[in-house]
Structure formats: C-alpha cells, structure tokens
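There are two complexes below, and they share subunit A, which is joined by subunit B in the first and by subunit C in the second.
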Partner chain A sequence: MNPAWRHPSFGVGAVLMALVVGAALLSLVWTPHDPTVMRIMARLRPPSAEHWLGTDQFGRDIASMVLVGARNALLVGLVAVGIGLVFGVALGMLAALYRGRLLDEAVMRGLDFVFAFPAVLTAILILTWFGPGLVNAVIAIGIFNIPVFARQARGATLQVLAQDYIRAARLAGLSRMAVMLRHILPNITGLMIVQGSTQFAFAILAEASLSYLGIGTQPPNPSWGRMLNDAQTYLGTAPHLAIVPGIAIAITVLAFNLLGDGLRDLLDPRMKER
Partner chain B sequence: MTPVLEAVHLHQAYPLPRQGLFERRKRIHAVRDVSFRVEEGQTLGIVGESGSGKSTLARLLVALEKPRSGEVLFRGEQISGLPERSIRPVRPLMQMIFQDPFGSLDPRMRIGESIAEPLGVAEPWLDAGERAGRVAAMLERVGLQPDMVARYPHQFSGGQRQRIAIARALITRPALLVADEPVSALDVSVQAQILNLLFDLKLEFGLSMVVISHDLAVIRYLCDMVIVMEGGRVVEQATTARLFAAPQAEYTRALMAAMPLLPDAEGDPAGARPNPGEQEQNASVGGSPAQLREPDIALNAGRGRAGPDG
Partner chain C sequence: MMKPIRRLAGPAILALGLAHLALPAAAQPRDALTLCQTLEPPILDPSGGAAAAIREVTYGNIFEGLVAYDRNGKVVPALAREWSTSVDGLVWQFRLRPARFHDGSAVTAADVKFSFERAVAPDSKNAQKWIFEPIAAIATPAPDLVEITLKSFTADFLDGLAMGDATIFSAASVGKAATEPVGTGPYRFVRWQRGDRLLLERNDNWWGPKPALKSATFRFISDPQAQVSALLAGDCDAHTNLGAHEAVAQLRADPRLAVTIGRTEGETIVAINNAKAPFSDVRVRQAMAMAVDRRLVNEGAVSGLGTPIGSHFSPNHPAYLDLTAERPVDLAKAKALLAAAGYPNGFAATLRLPPPAYARRSGEIIAAMLGQIGIRATIEPLEWPQWLERVFRNKDFDMTIVAHVEPLDVNIYARDTYYFGYQSPAVKEAYARTKTARTEPERLEAFRAIQRQITEDQVNLFLFMLPKITVARKGLTGLWPNWPVPANPLAELRWE
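Right after this comes the complex of A and B.
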C-alpha cells in the first residue's frame, strides 16, 4: 500500500473528496430527476422512494440539485482558491523580498485596501461592473482571497529568509529567482496548502451569499449556497431543505481540510520515516 | 603578494526601531572600523563574546551584507557594496559554514542536491554523472558514506550535518572559507572531530580561513592570527602564539580568565598538530597563560611539548 493512504487525514480526506468529485462527475451524465423541473404539487416533500432527499419549495428534486451543485461548488472552490493562491503567494513573496521598502509597502497597503472592504461588498461591486454569473463570481471571490494568501506568504517567506540555508543559497551564487523557487517556495508550500483548504470553505460560503443576492450562480442552475439560503424560510416546516445542502458543504469543506492537512505532512520530508 | 582577503575600515550599523514618532532614529553599531588582512593559506581567528559583532563581520566578509562604510577586498578586488550580480562570479571562491547545522541545510532538499547546488552554479557544464561523482567524493572526504545523498537533513546528527555543510562549502574548491562558530552548536565530543576535519581540509585544499568563535580553544587550534573584538571594535590583533603567551588588552585577559579549566584530556584526538607558524614562540611560553590553559585544549596537548625542540 502506498504510504500516502496510510496517513489518516489524507486517507479520509481523499475518500470524502472522491465522493464529492464522483457526485459532480455523475451529475454530468445522470441525475435521478431533472434538477430544474418544478412541480408545485409535490413541493416540500420529505425524503421518499421517488425523491430520495425530498423536494424543495418549488417541488424540485433535492438529490438532483445537490449532485449538480457539487459541480459548481468544486468549480468555485478550486478556481477561487487557485486565483488567490497564485497571485497571493507571488505578491506575498515579492513583498517579503523587498521587506520594508517601497514595493513591500505599496503591495501590502494595496492588499489591505482590498481586505478592508467586506468580501461580499467587493464581489457585488465587481459583479455589477462585469455582470452577474458564476464565472465573474468566482473571479470576484478569488480576488478577495489574494490578500489572505499574500499576508500568509509574506510572513512565511520572511521566516524562511531568516534561515541560514537561504544565506547558504546566496553564497552558492543562486539568483534571487532561483532562491525563491528552489528554497522559499517549497518551504512555505505546506502552510499555503493548509490556508488554501480553509479558504475553500470561505469560497463556497461566499458563493452562497452571492447566489442569494442573485449575482452568483444564476437560477435555475443549482448552487448549494442558494439552496441553503432559500431553506431559511422553511426551517420549521421542512428542515431537510437546509440539512441536505448543509451536509454537502460540510463534507466538501472537511474533505479539503483533511486533504490539506494530509498533504502538508506528506510533503514534509521530516514526517517520513526516519 | 595580494592578500586573499582584506578588510579596510569596515563599519556596519543597523537602525533600531524608532522610540517615538519624533525621536531620532538610533543605530546600533555592530562593527566599527575593523581592518585586517588574511594572507594565502593563513587562518585568521576572530574572537569575542556574543554581541561583539563577529557574525556581522562574517557576513560582511562574504558580501552577504553591504557595509555602511569601508571595503572588503577579495584577492585585491573590491567585493563590498556591489550589486549581487557582480559578486556572483566570485561566490564559488568564498564560502561559509554556519553555526547552526540544523538551519544551514534546506530541510526539504536531499543532501546530495544541497551539496551539488553550488556546483550547478559554478560549473554548469558538468553533466549529472560528473556532478554526482564530485558529490560522492566530497561526502567521502568529510567522513560520510556516499550513498547517503538521497537522505534529508533531519536524518542526520548535528555533527554529520556540519560535515554536510562543509562538503557543500568546499565542493566548488573555494580559496576562502569563513567559519562562523563552526562547532559551538555541537556536542563537545563531536567538536574535536569537526575541528580536526577543518584542519585537514585547510591543508589539503590550501584554504585561507576566517574562523569566528567565542571559544579560545577553537581559535588556538585552528588559527595563525587572532583578532579580539569587543563591542564591534578590534581591541587586540596578534599572532595566535603571541596572543596566548602575552595578551595585551584587558578584555583579552578577561576572556582568557573566563575559559573553563578542564581536566587533562584522555582522548587526545588525532594527537598533536604542530601548527607551523607558531612553533618558534612556544619555546618562551613557560608559565604563561597559554601553559596554564593547556588542559582545556586537548587538541593542542602535544604542541607545548613539541614546541621547544621544533
């Protein structure tokens, strides 16, 4: 057995992630019902043989909506975190490298500016500018992720820069760029992965808020976040409307967090057998 | 002949955090007006308490930092205050080993890669096989098994890591090696081995060295010349033999008095190493501090005896 699977968090995380990815892939070819068809006569039904997870306030099949929603959730999470990670880490490392100088100040204060705006407000701003839709929502959420990663990356880079092995690398004649790529990046990766798995949860919830406001995933395209928000009204009468997408989000977030923790350990040579 | 390394009125200061918005920014002067030369093949010791500016000086000497004023000349050419790009060609010729062998190796890099890294920059034309050969030979030379290349730093002890750091520093066959407290982070039992290794390599590679230490025994074992630093200033500069025979500065004497007296060494590692430059003075040592301090320098045990005849 590959030692990676023996790592408990990584193993469990991988299984959960497979579940979510499997659901997303399955929804491409098959769902129990058409998730967009409304049947007012069959609204707010509890789980049954026909509707495994019941129906919502419009009589749509919740199981089908959750399956299709997995697609959007993964898309939003991965792309938004990806944008934040790539730009954030690059900017953070750059700022750390020019610590205390104008570039550092300019980059970090600029990101503080972004960070100071409430996330959703920033997103609304961007979306009113570029028009609503899933892609723009993902970009907006990604932009908001940048300062989070940049701050972490800057701090982590400063810590690594203080190490003697960075001096040794400079003495070896490596260029600044080579030091960054060969020594700094690998040593901050673990931290960034963990941050990324946390930000993933934030991204899904942000998408939920935006969809709720009508500028995220556009109906009738299902989104876990919008399902959750819509369910608020029926919490007393039909709690499964909230529970089902809630569990779906929880499982996905948990999968990312466990995978993140596992990857951090697996990427660290110190965690391998001595 | 041009000296390998020359420091000319070196001065370094760091700004302290502002005390208040309208206060003047104060500076801490880590190195003040330090000048010396290291001739080809010579080893210069820099001794002083922590905070005396030794490590700052080390970083200045290998151009990891730019001095506030003054110059560092390597083989007669100025290397201080230059942009990194201009220093890079000289880098392979001046290397450094650090105090903490746990911090000086990238924890995520296999040690073979770490050792080969300077080679990749200095001699990029080598193919993978040649490079691996050089690394293996170097590992063997510092007393490790060549098949350890695929291991990570955490799999080694402190002494082994310091050997790896030495291998990395010497793989480009530098002319100058700056050793910043090379053994002070190591177990006492390992210190002597590393010092012996450094001594052997110095002769074998014809290295000029600058050894920084707070430990006079280390200095005495490795160095031909000594600079004593206090508060960033040089308070005494002498040949090792003269310094130990007749320390001039008050501070030097205080340092010597503070050295612990250890019982005479049983495990005299590698026996006596007569240091060629020093023998003549030892004849007059007699009851001088050097003789008094004899026991703590197991490494030098034979030298005092051999001296008068040699």
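Right after this comes the complex of A and C.
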C-alpha cells in the first residue's frame, strides 16, 4: 500500500472527496428523478422507497437535488480556486521577482487591501452591484482567493530564488521567464495544491452562504445553500429538508480540509525524514 | 441588497430593543400589545404612497378619513358623523363630529377641503387620485359642514373616501406626516425606530369609546421563519399576516396561540408587460395561462390556503364571476398558440420577483410550468425598493409576481399608464359604467364585463387570493379575521 493512504487525514479526506466527486459525476448521467420536476401534490414527503431522501416543498426529489448540488458545489470550488490560483500565483511570483521595488509594493499592498475586507460580506456587495447569480458569485469568491495564493506564492518564490541552482541557471543564460517556468513553478506547486485544497472548502462554504442568502445560485439550479434557505421555514414540520443539504455541505468541506491537512504533511520534506 | 443585511442586523437591534422594553412590558402586561407585521412602511403618510404596510400601521389608528371600512368591508362613519346626497347624487354633505388632532387643534371643514385638494394636486404622490378626480368643488358653509359637488355621478365616491388615501390632515402638521404623523385617530405616534419597531400610545382625547390598550408596538419582521420564532418565543403577541404558510400546522399545535385563516383582498397575479414583445401578442399570454395550473401554484406557494381566481376580482365581492375554468391547462394547445404567434421554440424572458415568500415560491413554480411550453424564465430576486423603482415605476420587466391588496382595484386595468401596460377601450368603457350606473345590478354587471374582458385578453395570469393568516396569543380578542383593507385597528382589541 502506498504510504500516502496510511496518513489518516489524507485517507479519510480522499474517500470523502471520492464520494462527492462520484456523486457529481453520477449526476451527469443518472439521478433517481429529474431534480427540477415538481410534483406539488406529493410535496414534503418523508424518505421512502421512491424518494430515498423524501421530497421538498414543491415535490422535487431531494436525493436528485443533492446529487446535482454536488456538481454545482465542485464547479464553484474549481472555478473560484482556479481564478485564485492563476492570478494569485502569477502576481505572487511577479512580486517576488521584483522584490522591494515599486511593482512588488504596488501588487502586494493592493492585495492586502482586498484581503482586509471580510470575503463573504464583500461578495454580497459585489453581487448587489452586478446582480445575483452563480457566475457573479463564483467571480466574487475567486477574487478573494487571489491574495491568499499571491502571498503564499511570493513567499515560496523568494525561498526558491535564494537557492544556488537558480543563480547557476541565471549565469548559464536562462531568461527570468524561463527560470520562473522551469525551476520555480514546479517547486512551489505542492504548496499551492495544499492551499488550493483549503480554499476549495472555503469556496464551497462561501457559495452555500451566498445561495442561502438568495444571491448565489438561482432557481431552478439546485444548490445546497439555497436548499437550506428554502428549508428553514419547514424546520418544525419537515426537518429532512434542512438536514440533507446540511450534511452534504459538512461532508464536502470536511473532505477538502482533511485532504489539505494530509497533503501538507505528506508534501512536507521534514515529514518524509521521520 | 437589503435582505441579507437586514438578517444580519436583526438580532443586534432586537437585543437592544428588548433591553429597555422588557421592564414596562412586565409591569403592565395586559394593556400593552406587540403586533408584528411583515413589512415596514417606507413612510407613514397614507396619502403619499401605495405600500400596504403604511395602512397596516396607520389606518384607523393614527389617521382617519371622513368615513372608514369596518371589518366586513362596510362603509361606516368616522370623522363625519353623518352624510347625505342630493337626489341627482352630485352634491354630498358631510357633518363632522367634534374631533381634535393629536396636536390639540380642532378638526374643521377647512381641513377636509385642504386634504382633498392636496391629494389631487399635480405634485401629489397619492396612489388613488381617482377618488378625488370627480370632485368639482368643495365648500365649507360651516366649520363642521363640508359640501362636495361632483362633476358627474360617481357610484363609488363614498367607497373611495373610506380608503387610507383619503385621510384628513391638518395643514399645520401635514409636512411631517411621513415621519412624525399627527392624525385624529385613537392612537398617537410616539417613536419610530427604523428597521425595527414603531411605538403608538392611546389618544385619550379621541372621539370614540376609550380603547382598552394603552400602548401598542408594531414590530417589523420580514423573514417568515423569524416570524414563527418570534411568535413561539412570545416576542410578538400577534402577527396579522403571517408569511410562513407552511408553519400553520406547527403554530396550531401550540396551546398558547390561536390561528385564524382569513381572506385578504390581495389578488396574486403574474403581471405581464403587455406593452412589450412577445407579451404584446394576446396568443402568447393565453398560451402562458394554459401552461399554469393555479391550483398547484396555490398549493405549493401558500400551502393551499389561498382561493384560486380566474380574473382580477375578489370572491368576497357580489360582482365576482368564477372564471377559473375559462382557460384550462392544455400544454399542446399552448404550444400551438405559441407557434401561431411566431414562437414555435418558445423564448427566454425574465421573472423579477419581490421579496415576499408567496412571490418567490410562486415564481419558482411558474418558471417550471412555463418551461414546459418552451418559455425559459430566468428568476431575478429584487428587494422592494428595487422592485418599486424598476418594475412598478420604470416598467422595466417581462414578468413579475405581486399581490394587489387594495379593495376593488380592478380599475388598474382602465388606467393609461399602469405598470403592466394594458390598454383596452372596452375595459375603460365598462369601468366608466361602474361609476355612472344608477342601480346596483347595473353596476355589478359593469364589473362583470371587466372581469370577462381582462380574462379574455389574459392581461395577466390570475393565480389566487392571498390568505390572511392571523396568529395571536390566546386571550387577545378583536383582531380582524379578514382584510377588506389592510388594517389593524388597535381600538378594537383587548386582552380577556
């Protein structure tokens, strides 16, 4: 067995993530029912053989909605983290390269400015301005990922830049760009993946919060956060409406946090020596 | 956007508010009341805006008109003790009772003249100017006598005067009516903490019998779940129009609470922008109607507590026609109609929804139902100020869902510039007949003609009458079970 699997956090995280990704992939080809079809006369049914997790306030199949919701959550995570990774790493490496100069200061202080605002609150502001919706929500969440990655990337790049082999490469005539791509990027990738995993969990939680507030994913697209919002007035009469998406969010966030934890340990060279 | 911010700010304000209210409430529990309502009024001047929330607070409490609606929708005396009309119905004489404004000044005929002339002035924001438009002249032969001469016979003149829009103000204090109202009613305004609550106190100089409650607090809780929690926790003694229809069973099970299901005058409709393609084509609107099963919308949006309607008219009124069977659900026929109108593959449109749960829930169902005939409706949630600005004032919308809560408001289909952009000479003619009809059967027939015409033209999709869910602590009596007009007259309430 690969030693990685023996790391408890990584192992549990990976299994949970496989579950979520599996659900999302499955929903592409099959769901028990059409998640958008309403059967209003069969609303608020408890779990049964036909509806494994019951039906919601419009008679939609909750199991199907949760499966499709997984797709929605993963998509949000991927795109939002993608935005953060691409722009954050680029800006961070650039700042490191021009360390101490005006460009470095401008980039990093600008990102500090973004970082100073509470992410979800500012996402609400952005969505109020540009209108509610999934695309705007993802962009808003992505923007707040940029400074996180940029800071990490700058620090890591500076570390690598101080290595002798970088000086050797430069003396050998390699351009700055080539050094960046060939030597620095591969060296900071591990760190970025760890960070990405944590940010992934944050992005999913942020989307759920925004959808809960009614300004994220819009109906009829299923979203765990909106399912929670819709469920709240039914808490006294049909609690399964809230419990199911709540568990889905908890599992997914836990999966990525555990995965991030595990990866950090596994990718840390000091851990290997033990 | 306001909704999330209000949610976040709510608990903080609530905590501060309770801290200084807890003591007096505990000391004198049985002559004070906390009445919760869903929406906060934007202003308190009922002659300055259409929002029902203004009337829910002020009607019969702070402000009064010459006459008023009682709980059964009957017109009863208010500031006018009695009235008479000339044989031709053109001259109305109102005899005022001795009454005083909250600032101590006497109510005179001059105040009536001032209020009505102000209401109809070009710069007036009065939402129901039609009430005053038939007036040719207002004379004040004595301080307690008002004589109104009409341009032509107007059958619903007195009905109009009973609405909150025909409130009597004094010229000295009307300037502050929006924020610090001075009225004539049984309760005077004390304080308004915006975003949270409004405090009223008994007016001991009122002309009527002394009300039982010494003070009353209106609290504004827009979130349906928070409304339920506040009732269960005892933070609200009553909620007169609960938003959480699905919680009725849960509240009924609580021995401390009494739940009454009544009717409002709120015709809930999918308003369609008739002035805009493709909705300007009647076939498109008829096709949409054939895709929407209003029974299911009623069930899914308000737990089946509303009354389905087939036109914009209240089943509470004697002229009501049941037109719900007029355009039954028929998807094949609907698609054929759409194809005939030039949209064989349907089209995309927006559905802009105001915040109430009935609108948001109906919206999701309507979007799904329209999707069955290829109309791809994108839902856009709006807050009330945005909705009023974009949809209601600027007519920038395809479809929206809203309840029209004024009594007998079918006249909106005879207006030239109303937000859904409908123009029909036939409806205008029939509406004019409701004003000139000399006999009640003639008048009712004119109203029926309007109902038939707007259903034939399928101006909007007519869904259901909004139910009124009244939840109150047991022992509180006198709440209106139905809402002929949105109002909570506090003088009728008492603790048993």
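Operating definition for what follows: the second predicted complex is superposed on the first by the 185 of 274 C-alpha atoms of A that agree within 3 Å, B and C clash if a C-alpha of one lies under 4 Å from a C-alpha of the other, contacts with A are read in each partner's own complex, and residues count from 1 in each chain.
Assume a residue touches a chain if its C-beta (ideal position, glycine included) is under 8 Å from a C-beta of that chain, and two chains touch if they have at least 3 such contacts.
Since we're looking at a predicted model, the values are computed, not measured.
Colleague: A:R99 contacts which: subunit B (first), subunit C (second), both, neither?
Modeller: neither
Colleague: For A:A168, using the defined touch cut-off, is the partner it touches subunit B, subunit C, both, or neither? Pick first, second, both or neither.
Modeller: It touches subunit B, and subunit C stays clear.
Colleague: A:D268 in the overlay: touching subunit B, subunit C, both, or neither? Say first, second, both or neither.
Modeller: So A:D268 only meets subunit B here.
Colleague: Give one of first, second, both or neither to describe whether A:L127 is in contact with subunit B, with subunit C, with both, or with none.
Modeller: Second partner only, subunit C.
Colleague: Between subunit B (first) and subunit C (second), which does A:H183 come into contact with in this model arrangement: first, second, both, or neither?
Modeller: After superposing on A, A:H183 lies in contact with subunit B but is clear of subunit C.
Colleague: I'd like to know which partner A:P220 touches here: subunit B for first, subunit C for second, both or neither.
Modeller: The answer is second: A:P220 touches subunit C but not subunit B.
Colleague: Need the overlap of the two footprints on subunit A, from subunit B and from subunit C, as residue ranges.
Modeller: In subunit A, no position sits in both the subunit B and subunit C interfaces.
Colleague: Going by the contact rule at the top, pick out the subunit A residues touching subunit C in the complex.
Modeller: For this pair, the touching residues of subunit A are 36-38, 40-41, 43, 57-59, 124, 127-128, 131-132, 213-215, 218-220, 232-237.
Colleague: Report the residues of subunit B in contact with subunit A in the complex, numbered from low to high.
Modeller: For subunit B paired with subunit A, touching residues are 59, 62, 64, 84, 88, 91-92, 94-96, 98-100, 103-109, 117-118, 121-122, 152, 154-155, 165, 168-169.
Colleague: Subunit B touches which residues of subunit A in the complex?
Modeller: Of all residues in subunit A, those touching subunit B are 163-165, 167-176, 182-183, 186-187, 268-270, 272, 274.
Colleague: Please name which positions on subunit C make contact with subunit A in the complex.
Modeller: 1, 3-5, 7, 224-225, 228, 244, 246-247, 249-250, 296, 299-300, 357, 361, 363-365, 367-368, 371, 378-381
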